[in-house]
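Each chain gets a letter, A, B, C, D and E, in the order it is written, and its residues are counted from 1.
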């Protein structure tokens, strides 16, 4: 019942460019760890992982995915960092009726307007990030916001999501500066944010932009003068590249942190041994998605997409990444998110002791109810 | 003499200033039809600059240029060329990566009016081959039609340049030191060539080789410091003590 | 106070100053490019990668050799400069006499190799580096808070620019530089050791890039790709200034920083495009650039 | 004579290739071969290095994507719209750029392309960094379903064939003659009465239009248009393809495109996956240093010497 | 017909017997190549200190190539070139220049990005005793007048003067001059002739490549006739009449 006698999972990720740290080889390793937990075999058939670099280019990703599906019998695509890649692969997955297990891409539309029946969005999305960070901060009194927004669709989506949350929680948005993407210097924008008098400077950007903005804010004494920075899409490697000294106190919403409980620590330790780094949420999420996929195959004895998908929805997602996660019909995997804060260097006991978890955000709250989803096929 | 008048080319008060330096100073040049007219003068007198002004490689500061009675002061280089005023350059001007035939054909093809036609085969230009070869023959290059020009000797390149220029059927040819850098033999060859092609055309040339000037030219204008010093036939000009002093030295 | 063009004057002053600071980076980087273009006639596409190497060298020196920021300020440009010299001797040298487009293409390839290797070695998200303790903090200028470090950047950049300008415009080297670009063989026949001159000029230009990298390390993220987009902007600066013109590179660098800074206030989205717009306009009006010699 | 046989063999190979090789890969190859050939028109035959051809490739890709997805135009018309848009963009950029030569030309085209790129990032119709996804392939002539890869392949092959013919014709046309004369000696061409700028501009517009055709076709094949298409790395890549294959040769750019695309494709999932940029960079370096004439040029030289 | 240079061992130049003279430049079996084309086919010639010799021949006979080979400007060359007692066949051009050689190239090589004065001052001094700038401006008043002009804005002839002038400044006492009268007005040629005589008096060694035989004949001690990359004849100034047939054959004067 296993097509081609082998279960093949294609990990399409960024191995050589900007996102190679948050996803990249680590994601491939994480997927392999899921396979290893099955002893390399599921429902009597061997499992194979193939990995390709999409260089953050949608066309390369689409091309590779299509080729894998057409000629190599790949059954599911995994990881898919950055939204344009995920969307491109969605097209292929839809045509070929294959599963797309998205972990790295962040945009909420993947389970809304752009959703496909076989596209599963596993790790997080912009809404969850917005809710986590936005509402938590407003609750703590950060009720006036100024955004530094990357001038492109993702930045805008993030800003909109957060604005909604902030306003719903009783805060207000006093302004926003759109900065070009990528921008090398943030001092001007920081100065504008400073002049706005807002309590919170929300960074609706990602990667190097976020890092540079935070560094500039620190340099210009923004935090010292009483304003707070809210990074909306920050990953562990970003924090490391800012340095704890500068980043301390930064609040962020994460889907995963290695040091949450024994299970995560044990898994992360294994991951660390293989890669020399602690896992990011994207990598852990890749593991979780592949593991759940394999569990469903094991349970059904089939790798037929519709059968497996039905089973995946039926079973709760239960592993070190997600406790009682639920896979919704719009493709959203609903699980708890966490509000975390960067520790001061003095609190930190080791190189990777970076975050402390402040609050658990229940899945429903983070991702919203299914009724809110605009996915036409939900 | 045609109704276009006695003079094919005239300038009135032609002046070119470079940042406070006057290279050409109020020059009134009158070139008679069907003559070989020489422009001589000491180095830096402004001869090449006059050529550049006539062909609009430089814009005159002041003055007027008329060609066949028509004011061409504000025409562009390529336009002037199309009117029939073709120049040669001090260094040989050929298309080195093309064959001799192609060099001539490039000049001929303009009149076909298909030079912008990128959808047409190059074979349509073969109709011009006969004329091209005729021109090559006229300068003694018939055996070199298929040779890539980069491989030809200097003298032959000069000859080819003249063939190409002739292909344009110029009414007026401007030659800037056509014999510069040539061995005696080639000087002789070019001199004869110029004489041959001068039939039915007008030639204005700059030349330092007084031998060439004295044998070829009907009228000689002497420039000095941008202005006309004197004008006349070789005998008159070379007898002028000012010309001797400023230009000819012991040669005269 | 009354607003200027709808913005409080202190905001404008602040932005002007910040623009000047960014301009200082542009100036140092484009200066290096101008020197290299001046003597080697090569558009050094690897300049961004070498700038990045400067920042990484700073990091490495601190981490492994315990040499601090001030030491790195001297040693990082030297190390990277030597690397540049090796590149010139091994690779660029072989392009003497061929169309300079090949130089552009070669350095483009080198940039890919260097940046790709660094992403592989150090990851893509970069590493932290903080300003030296002596320069942490800042001063309140009334209209803005100026971090000491930023102030220092301007001073250091101006010193580097001034020294370079003196070296190339006030000594014979400048004339050799320009002559060597045009006809290196002939210059050599006059008795100038052109190969050595070329090597040193490349090394110097590269060292300038690395110097900018050191200056940038505490400000921006030290990241293997930090130079890859910056380089395009710096190209535009050099072209506006007039390729190969030392003066042009410096003045235009500073001016573009300021223009960009002001754009960030009035129309932030356009701030990364404005330089290219300026470039297009300048080239239409003055094809050889502002300070370029119209050949 | 010889080249006729060569062409026949090539045509036979192209017709049968999709039976053996994955057709989508072949289509990608054809698109880039076309892109590189179009680029070669301006570099190899016009002597002008454009470092901004991505703007035309990407611009056409977006316009075609928009035309097919939003306006719902038929496929052929969508491609034509994109191609025409690239041509117009080429005209605008060309008018500014062709006034300069050499390095300046390269830099100006780069800068103009960069402006276009920033426009694409923030313009509403490009979908920002997500790009235009799910562009319908539609049908050819209203009957042939292009969703089928085989049909699509032959559709692309026809486009490629026509464009390729046009390019080789352009090179060997009266216009091509003037163009090479201009490249050889611009002042002399002027003095023969040619308005060199007009010729260069036409060459530039032709080149950008055909680059646009490549971009449009690519959008239909992959059903997406993204920022990658317009990024300056794309401009660099097309230079690499042309150089690697052989500047100023008719088949060179296609060969170069084939090598690069195949490399990218096969390296992407092999052990060297993470090293793709480095490998490309090394090829660049090797190409510039060791075989400047490119694969086809070196081969021709080799044949010339040995026979 | 080949006339051996050794036949004239006994001629005198500058009042002294040739064999007493120091060899300034000695070229033996020199071959030079442009890529694959073989331009010089084994040249042998010796120039003595204080002597002015010419290289005569048709276009393309290899005269320029000979000068370029001595200067080290040709990639591939074999044989032996001894300058002031030093073997320089493998030396780099800048090393050769510092032995006291000045080169005035055929294409003039004026630097367009430098002005006249900068062009003039550009070549480093290679030996003491060069002419002063005033002397040079005196000699070429055109240059004095245009001293702030950019190099290639000069007229053809002015560029020629500048190319000659700039090597007189450096103190080089072996001059390799390629067609220096090209494009110059006759009066300037007269003046250049005087300059060369003056330089000879100062003991300079000069190799002159000329088309203009009328200019060269009264100045030169000996003439080397070149054809197809060979030296086919050497003619002493005293033999001009008797060897007229050689000139006729190779130069068609």
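Following the convention adopted for this analysis, a contact is a pair of C-beta atoms (placed from the backbone, for glycine too) under 8 Å apart; a residue touches a chain by one contact, two chains touch by 3 or more.
Listed by chain with UniProt protein names: B, E = ABC transporter ATP-binding protein; C, D = Branched-chain amino acid ABC transporter permease.
Just so you know, these numbers come straight off a predicted model, no measurement behind them.
The minimal number of chain-to-chain contact steps leading from chain B to chain C is 2. Graph distance from chain C to chain D, where chains that touch are one step apart, equals 1. Chain centre most remote from that of chain C: B (centre = mean of CA atoms). With centres defined by CA atoms alone, the chain at the far end from chain E is A.
Look at where the CA atoms of chain A average out and do the same for chain C: the two points lie 36 Å apart. Centre-to-centre separation between chain A and chain B, using Cα means, comes to 74 Å. Work out the mean CA point of chain D and of chain E, and you get 53 Å between them. For the pair chain C and chain E, the distance between mean C-alpha positions equals 45 Å. Taken residue by residue, chain A touches two or more other chains at 16-17, 20, 24, 151, 180, whereas all remaining positions touch fewer. Each of the following residues of chain C touches two or more other chains: 116, 119-120, 269, 272-273.
For chain D, the set of residues touching two or more other chains reads 118, 122, 274-277.
Working note: touching chain pairs come out as A-C, A-D, B-D, B-E, C-D, C-E.
Partner chain E is touched in their complex by these residues of chain C: 172, 175-176, 178-179, 181-183, 185-195, 293, 295. Within the complex formed with chain B, the residues of chain D that make contact are 166, 169-170, 172-178, 180-181, 184-185, 187-196, 198-199, 202, 206.
Residues of chain A touching chain D in their complex: 15-17, 20, 24-25, 50-60, 62-64, 66-67, 70-71, 82-84, 87-88, 90-91, 95, 107, 114, 151-154, 156, 180-181. By the touch criterion stated above, chain D contacts chain C in their complex at residues 49, 51, 96, 99-100, 102-104, 106-108, 110-112, 114-115, 118-119, 122, 232, 236, 239-240, 243, 274-278, 280-285, 287-289, 292.
Chain E contributes residues 58-60, 106, 142, 146, 149, 153-158, 160-161, 179, 182-190, 211, 213, 251-253 to its touches with chain B in the complex.
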